[in-house]
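Labels run A, B, C and D following the written order; every chain starts at residue 1.
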Amino acid sequence: MNIKYSVFISNVASCNDRYCSAYGRKFSIEEMFARVKSIPSISGVDIVLTEEFKKNLAVVKKCLKETGLTLASVAVDTFANPIYQKGSFAAIDENVRQKAIEDAKFAIDFASELGCKIVTLWPGQDGYDYMFAADYIKERKLFSDAVKELCEYNKNIDITLEYKLKEPRTHSYISTVGTTLMMLNDINCDNAGIALDYGHAVLGYENPAESVAMCKMYGDRLRHIHINDNYGVWDDDMIVANVHTIAYLEFLYWLKKTDYKGYITFDQFPYREDGRDAVSESAEWMSYLIELIDNADSKEIEKVIASGSPIEASKLIRKILKGN
Amino acid sequence: MNIKYSVFISNVASCNDRYCSAYGRKFSIEEMFARVKSIPSISGVDIVLTEEFKKNLAVVKKCLKETGLTLASVAVDTFANPIYQKGSFAAIDENVRQKAIEDAKFAIDFASELGCKIVTLWPGQDGYDYMFAADYIKERKLFSDAVKELCEYNKNIDITLEYKLKEPRTHSYISTVGTTLMMLNDINCDNAGIALDYGHAVLGYENPAESVAMCKMYGDRLRHIHINDNYGVWDDDMIVANVHTIAYLEFLYWLKKTDYKGYITFDQFPYREDGRDAVSESAEWMSYLIELIDNADSKEIEKVIASGSPIEASKLIRKILKGN
Amino acid sequence: MNIKYSVFISNVASCNDRYCSAYGRKFSIEEMFARVKSIPSISGVDIVLTEEFKKNLAVVKKCLKETGLTLASVAVDTFANPIYQKGSFAAIDENVRQKAIEDAKFAIDFASELGCKIVTLWPGQDGYDYMFAADYIKERKLFSDAVKELCEYNKNIDITLEYKLKEPRTHSYISTVGTTLMMLNDINCDNAGIALDYGHAVLGYENPAESVAMCKMYGDRLRHIHINDNYGVWDDDMIVANVHTIAYLEFLYWLKKTDYKGYITFDQFPYREDGRDAVSESAEWMSYLIELIDNADSKEIEKVIASGSPIEASKLIRKILKGN
Amino acid sequence: MNIKYSVFISNVASCNDRYCSAYGRKFSIEEMFARVKSIPSISGVDIVLTEEFKKNLAVVKKCLKETGLTLASVAVDTFANPIYQKGSFAAIDENVRQKAIEDAKFAIDFASELGCKIVTLWPGQDGYDYMFAADYIKERKLFSDAVKELCEYNKNIDITLEYKLKEPRTHSYISTVGTTLMMLNDINCDNAGIALDYGHAVLGYENPAESVAMCKMYGDRLRHIHINDNYGVWDDDMIVANVHTIAYLEFLYWLKKTDYKGYITFDQFPYREDGRDAVSESAEWMSYLIELIDNADSKEIEKVIASGSPIEASKLIRKILKGN
């Protein structure tokens, strides 16, 4: 199983939460690139086009060239910029909504210029917090229309929606794999896809292996993957597989089975760890898990899956963990 | 707002859980009908076609005639019959799957004979419990094909899927409003719809008002409604509105706004209460909430919703509760 | 029921989340005091002694005097200061732990000087995120020893622990009402108490009314209350009673029944609302709910509670909502 | 690490849920004993003294003698008998409460006669479902008094409380490790202890390793353990370690570290599996995990725990899994 690894570049820096505005020092763009480059298995970076990165595109380009890292995806910033406080692509303020579409087109152009094929929309601010405070039909329609417009803007770039049940909103519109696939199938553009975040799926009580299967089945729409781990009820953005070890094995097996070809991107919030070390540790887990899956007998796995037997599945899992 | 109320007939009897096989005495079919009839606002009954009811169809018909109650929906029993322990419409055992389809066709014929327009599939056993123990694509396809076959069997009957994230399986295939609508839109039959259970929606962290909106938006597929309440993380099947009072108001408002015309069916598990009294109490809550909604000014509500303001929404809710 | 209301002063300003560093503009201390003062029912303020407030104690004193607002509680900042990233009172770094104790003593002295009787410890950083990464016995002992030392430092000030199941840590040591009362009873100081945050209780699947009862029963330790609301699985810090309306009524009834005499402090995170307006709206909800409780017949409520009947309880709740 | 394994005897038979009254055939007591005996690593059985078992005590004694299995614990049936529908030791009906105490004394006498040292109370019916429907102080006091009476009845038998956040009640009184330890410390009898159910702890968002530590720290009260697994939000009662693999390793390590000497009892609900095979599979997992822990270097583990470093912990876990 050949996997290309990438990382959201800010993951190797330091982060904050809603209480503490900075757990660690600030890192320059050059430093972040150098830190990514120092992790052997990673060949790509993902960039959120925040105002700061937009001001420093020349630096980004230089760093990409010098490090030889590939730009795996570009994410539109519709969550850190306070202009999107009350919504971006579904904003009822038409000026804000147009600004979001412009920001996304800028990201598409930037990706296109650098040979990157994936633009991600994580519409964290599109949703609602209170009851009687949103027109669900109207706002979902606005969102859907924006995605369609972006898909048609450049058909060579995949527009990938990253769904998440909640946070920062208490309720997101792009919430689950089913809701998102339904919208994408309705939009009906070949370059509309899903960016599946492992932790987001788990947070919504999805089994990510099944989410991969659903993306395959309904339009072959899985185009990008973010990985991290959590305790099942919140997006803790931890080092991978420290909680969901067996579920990760099944997830990787289904990526192999459905022939996923894209990047796998580390996406963590290392509040109390060194960012680079936390990503490196996730990379070590991935190597270990991939080796376990590759050492396992696919025919035997398929036989167990076809049997539908939990007893056989449980025995199989132990066998996989023992490395055969 | 004119609402037709109905109730799953066994709700007025007694129930059990996985520890205690019978919290109360058994009630005859005639007794259950009499108990339903004693609740003034209820004009319909819903029946799960268990083996026991199948053996007593003549009694059921007689009781319907004598009480004047309408048959609001017929549900196929694919969860109480142990033959469906490992799946029904998605069973990998082809004999079991065919038996499920036959049971559903029997229910369709029975509904048709009695002038009932709704047949509900609650595929509680279709899903999985352990990892590496199911072929998600194959089994979802089997399920979808079965639903299509049933929709085509009698186009005058609405086949309604009742989704639920989990239980009795730890993971259900027909899990959320999005997943279900996506499948129904893929099946693409006019008589394929959704039976929305309020508690099931809440259990999956859906806001039921938004689920109603999504059903409207994506194919106008809301055909039946089950109501009860719970604490948000399990299908507690309680008396309505004792936990989610304001969410119930918003839910009812969206039913009004989207012009829902079907039945609202009480669906509870009164483990420690008298079944009839628990249903009657839910009926009292519904009258109260409907009156609050009908007394409110729809134009004002629409204005607040359009404003997207939580402050205005919070004020509005208090105003609605105060009865204007 | 006479209630004294207070508010965490920063609540009336603007806030941030882990993605967006500032949703609104910065407010000066004077502005914040003026905004609190503009809400009629509020007579107190609560202050977290962050570095910024510590630098401006003279301003705080002046504002208290000029506005006539009472200092309801002082909270030690062991969560915004990055020095406590890996723990405060339970930190394994002894220097950090001593610094936390010093910060707490400073808060105690400041409270004492201003006639405030409540110092709150919200030990958000004391806990752990990963498995095999903490010595639960040793760290809990360190924490308990620190609380004891603080209780003995000034016996006229109540040291109140604010428990919370998680966040910012994935697992907090001071997690639930039971865990906290157990530790306080073990410490065995009269001035050790609980600061019950409504939303924290709900987030841990507690029923806050029952938590109030437990505090009464095991040492009469309820000394301070923070209020807000959430959807049951995360500390959403919303305007009160918009989700848990009936649970709020029961909570207020048990405060009355157990003769709670302290402040009730608004504690919200109004990410997308004006902070002052969101607090004012919560104050309006409180007036409404208190009026409903005061209009209800306590003897009737006690009779229903003693009956243990959900049917009677459900009828009673509707009666209370209707205002008798 | 020497572990004695036992199993709730009915686990090797078949079970039901609230929808399906019997997923498999009934097994006789003799058959159940034979099935337990067929699993090599199990040396004990646990018995819930239901009406059926009470009628067949002679058979039970004969089977214990013939199989050589030890009686690891006796559980009082206060959840399957419908007389306890509205409570047992906390029942407000004094006759019911006295009957519960008598049933418990019968269990104590039976345990005593057969040389068993552990009697477990799992008070599943003691709690409440609705708001305004229980007097939390009065009922908790009744419960506590009953436990004290039972502890004093025979000081040679440990009375162990099995806590669980919810189910069958939506809210249990004996809910979390903290709440339970607090009550036990208040009761203050040496033979009052905890029966920790792994799945119950997880369901309440506890980390079972930490719960073990808390039992050690506050009175050394851990006396019995039930094991199974679940997805974190409900008591799914699955085969062990299929979900929480790493958490199980930490849990076992803390049992070793705190020198736990009692039985570890399998406690599962194999709805769709053969009961004996599901228990046998859990036994295989336990052997595998114990071997991993025993092969690991305790000094290294202690060093990592003392470091408080998630990075080191994550590396350590991989090393343990690799069998080093």
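Keep this in mind: contacts are C-beta pairs under 8 Å (C-beta built on N, C-alpha and C of every residue); 3 or more make two chains touch, one makes a residue touch a chain.
What you see is a predicted model, and the numbers here were worked out from it, not measured in a lab.
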Chains contacting each of chain A and chain D, listed by label | B, C
Compute the shortest path length in steps from chain B to chain D over the network of touching chains.
-> 1
Chain whose Cα centroid lies at the greatest distance from that of chain C | B
When the C-alpha atoms of chain A and chain B are each averaged to a single point, how far apart are the two points in Å?
-> 34
Expressed in whole Å, how far the mean CA point of chain B lies from that of chain C is 40
Provide the list of chain B residues touching at least two other chains, using ranges where the numbers run on.
-> 86, 129-131, 166, 205, 231, 233, 239, 242, 246-247, 272, 309-310, 314, 317
Name, in rising order, each residue of chain C that touches chain D in their complex.
-> 86-87, 92, 128-137, 140-141, 165-166, 171, 175-182, 185-186, 204-205, 207, 209-210, 213-214, 216-218, 246-247, 249-250, 253-254, 301, 304-306, 308-310, 312-314, 316-317
Would you pull the chain A residues touching chain C in the complex into a rising list?
-> 15-24, 79-82, 85-86, 124, 129-131, 166-168, 170, 230-231, 233-234, 236, 238-239, 242, 269, 271-272
Considering the complex alone, what residue numbers of chain B touch chain C?
-> 205, 231-233, 239, 242-243, 245-247, 272-274, 277-278, 281, 284-285, 288, 309-311, 314-315, 317-318, 321-323
